[in-house]
């Protein structure tokens, strides 16, 4: 096969390890079992890490780091690479000393230990979690030069916990109960108001991610997951749930996480992460290195349910072709799409456009800006454009 | 609620951190983002690790470690806890110097770099992987005192790679081709013969697990996954695939991984991991600590496809009640089952019995021993029994 | 759904929380004043506290030091290209200020303020925003009655608000597409591009770069 | 399926492997002798090599030192309660021996034996198993003709072989259930049981326990 595509031997390659030679690692023994009781990636993968953009925040304690989406496959984000977002640093909580109090408009105010919570029937769900500020640095113009920074406030795990519904049932919600305040045990005591309707639908009180107990950065030992909703509502280090008859209008639902429009009015309680998508290959971190066959690959997701269709444009949105969904297509989970084609050095303005089960079609940047202006910060889910140059390099551009 | 179940305050609990007090971690800032570019579990979870039973093997280099199933939730095994099995230690392979050669009865013998392999259209599948020796220490009698050792040679990940079918298509298999030899780049040069039929069905040439590149212990940078088949056939550190017209009868398919029956004859090419199940809660590591409501939970899996039904017995197999399957029920993947009931100090002989989509029902130990004797080593998938004592302690027993 | 909620038999897991336990953690305050503990604080007392415990980050006038949040000013900027969203210019309710300071400020010593200190420092931030006079005393009784300038500035989520359709052909006029490139050099790309001078990928690394 | 395999258009990824490249890695040997390189080795030469490079683990008579594998003996033990499965008592083909030694032995220096050395040491292991005489010379030509004692000992997978049915009631007689407990003390349980003397959970930890 493949006259055009040779095995590219980089300068650093030691040919002693290439066939017909027996590589050095094949002529000796490696390390034994339980050398790492808890394993880590290969030292050759040290570039696959979370990264931040330091100037975004005053310091690292109230900040964000992004998932290296360009290096990830499938739909599961490994726990070590799930993006970080918090407002007072990551507390180190002793799980034996952690408590959840459920009170307010309930028949029976309750207090739970972690052991108590794990006695309830558990549920496991693969769901994405996304910061509503994902992509928000680009309302006014393109400035992020890598996929990790344009879309990396996004991860997807298998979460295990108790449906909040079950806990509410245990406490007995009074008829006046309409909203729930969720509060964290971190220094920020992060708090958000959540409509009872959501709590009864699919909110989970979570203690495990991808099989093991939550990571400290994701709320160990306990957090909320509001599937499909802006990440900030999925309170981490959860210590308290109060049922009330109206929302609390706390700092994170007034000063922050409201969406200021051009007319000076702001949208509040904008919970849902609307359908979104991005091409993960090629991308700035993964330019095209060889002509010929190429699989255009990417991720799509919607806070309203399943992804139904993703289309690809090579010409900046003038014409579109359908991509294939591949692997598991789960509601409110990352979904992979793929389109195989050939690249022979042509320039592309590459775009993906997702449609979800409600028929909602991801908007263009122009459509979004027309309605929302450029000061909205949050919920920027417009069609994203990668420019593929004749040499295969990929850059972030905007089409207006 | 719950007069009977109090918040058990262990001796080590610092009441200063309990409500109404503000815990210490809520009164200070935690660490910032990218403090761990690649994150790790909480230091409070240091007991959740892989473990081995040292006397099983001469040393750690050719040995096995087990997944701590009792502490895991859902169906995904986090990469750091996936069980280890290898015969010459874990090689540290430079991915730029790794090659896969595909040759033998093909039109076009091919050589691939890792970059080449990642250009092919990828597929991601959640599949269990199990060592056929899982539970094999118990053919003659119960001796493993924990779930981690009775069933821990078992993990389940989302694997991403190229279907082997696609690579074979690229090389063009000659009509005489019927078997494939897969060979590793480790010191053992681990080799197994795989029928072409399997290769064309669902074998994957895998470079990623749970989103990120393979862990060294699981074959970095490249391995085979033969879904539902004994783990040993899923050659790690894969460097060579040769197409032939007959099997090779190598050491791992003659001396090992053959099943010696009582009459002195041995079964060969016993690839499939038949339906199996185990109760993960309660279990020796997770005794019952409180009377009242309890969720009996466990894992079921079958190398022949989906799990269709799991039944539970509380009386050592005299009578059975159906359990519920919960979460994703995927073919050749771990599947969670659940049964909620009450425990008030009664003694139980607790069993789970899986049935798969082919109608195959997991056998009793007696049935298995009658047909296979006790020298089979591999493929011991019989119904497992936990004895629950009046004090809630759980021990491993056998019913004969 | 709420019917079945109260009707169902409890599983009996956990135990009743005592009123005392709840009281210690029940710190939330709502616009209608629910949750506010008895107490009070004057602008004058607030000034001293603010100067010693807040100004190092937020500035003596609430103007924000370095990249720390601005707390005051910004009136009539919400429609500008670069709005200044502050307690005064943006926040709809005064209760949010009290609640937030009591739960999260000062940044490095959350929950270190007493109730009266919280009233005082909240009063002072309101004063910095010209919402109250310099002789004002904020109390459990009057906080809910404070009218914030932007209280009418919010509306409930009405999305989807930006309709697109699944057009497949001639969806835009090629000659009208305008392509705008990236402002270069401000994101960490050193791990995959050799030719650039870019920030580091963590605050620590960036700091040591700059030192 | 195999038809479409050769018919399909290649994607053009990767490149042709050269004969030379393949030759270096193509080390496998089959029962019919395919894959055996030209060469030879005598039992006599094998003895010297075996003593210096193999006996420290497998023992001078193939009896196995400590827990290292036994290579010889065990005839007529396959039906006993504790069978001894060796090259002589269990392996169906001599080719497997040559292949395995050439790919994986000696344990800590795999691929360090030459072709002739592999013939010699294989001959010696066969000799230890009374399969060849002390004057035997193993060659590319005669290896496939060696008849192993247990060559008829294997049959192809015929599972499912142990039928159960989904019985729900009275599936066993309670008075006939016999419960057998665990042999205690041989698995690492120290991480969840305080009252026991058990092995450590890794070889290193166990070794330092015993030292």
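Structure notes:
We just call them A, B, C and D in the order they show up, numbering each chain from 1.
We take it that a contact is a pair of C-beta atoms (placed from the backbone, for glycine too) under 8 Å apart; a residue touches a chain by one contact, two chains touch by 3 or more.
Fair warning: this is a prediction, and the values are worked out from it, not measured in the lab.
Listed by label, the chains touching chain C and chain D alike are A, B. With centres defined as mean CA coordinates, chain D is found 23 Å away from chain B. If you average the Cα atoms of chain A and of chain D, the two centres end up 46 Å apart.
Residue positions of chain D touching 2 or more other chains, listed in rising order: 10-11, 13-17, 21-22, 25, 107, 110-111, 201-204. Each of residues 1, 5, 7, 18-19, 26-29, 32-34, 37, 49, 51-52, 59-61, 63, 65, 88, 101, 108, 110-113, 116, 119-120, 170, 187, 189, 239, 293 in chain B touches at least two other chains. Taken pairwise by the contact criterion, the protein chains fit none of the simple patterns, being neither a path, a ring, a star nor fully connected. Two chains count as a pair here when they touch; such pairs are A-B, A-C, A-D, B-C, B-D. By the touch criterion given at the top, residues 10-17, 20-25, 107-112, 201-204 of chain C touch chain B in their complex. Those residues of chain D that touch chain B in the complex are listed here as 1-2, 4-6, 8, 10-11, 13-17, 21-22, 25-32, 34, 66-68, 78-79, 81, 83, 85, 87, 90-93, 95-96, 99-100, 103-104, 107, 110-111, 153-174, 177-184, 186-189, 191-193, 198-207. Chain A meets chain D in the complex at residues 1-7, 18-22, 26-29, 32-34, 37, 292-293.
Taken together, the chain B residues at the contact with chain D in this complex read 47, 49, 51-55, 57-63, 65, 87-88, 101-103, 107-113, 116-117, 119-120, 141-146, 149, 165-166, 168-170, 172-175, 177, 181, 183, 187-189, 191, 196, 200, 239-240, 242, 244, 246, 248-251, 254-255, 258, 260, 262-272, 274, 284-285, 309, 311, 313, 315-321, 349, 353, 355, 360-364, 367-368, 370-372, 374-375, 379, 385, 387, 395-400. Looking at the complex, you find that chain A touches chain B at residues 1, 5, 7-8, 10, 12-14, 17-19, 23, 25-45, 48-52, 59-61, 63-65, 71-82, 84-86, 88-99, 101, 108, 110-113, 115-116, 119-126, 158-160, 170-171, 185-187, 189, 207-208, 210-217, 220-221, 237, 239, 289-290, 293-295, 297, 326-328, 336, 338, 340.
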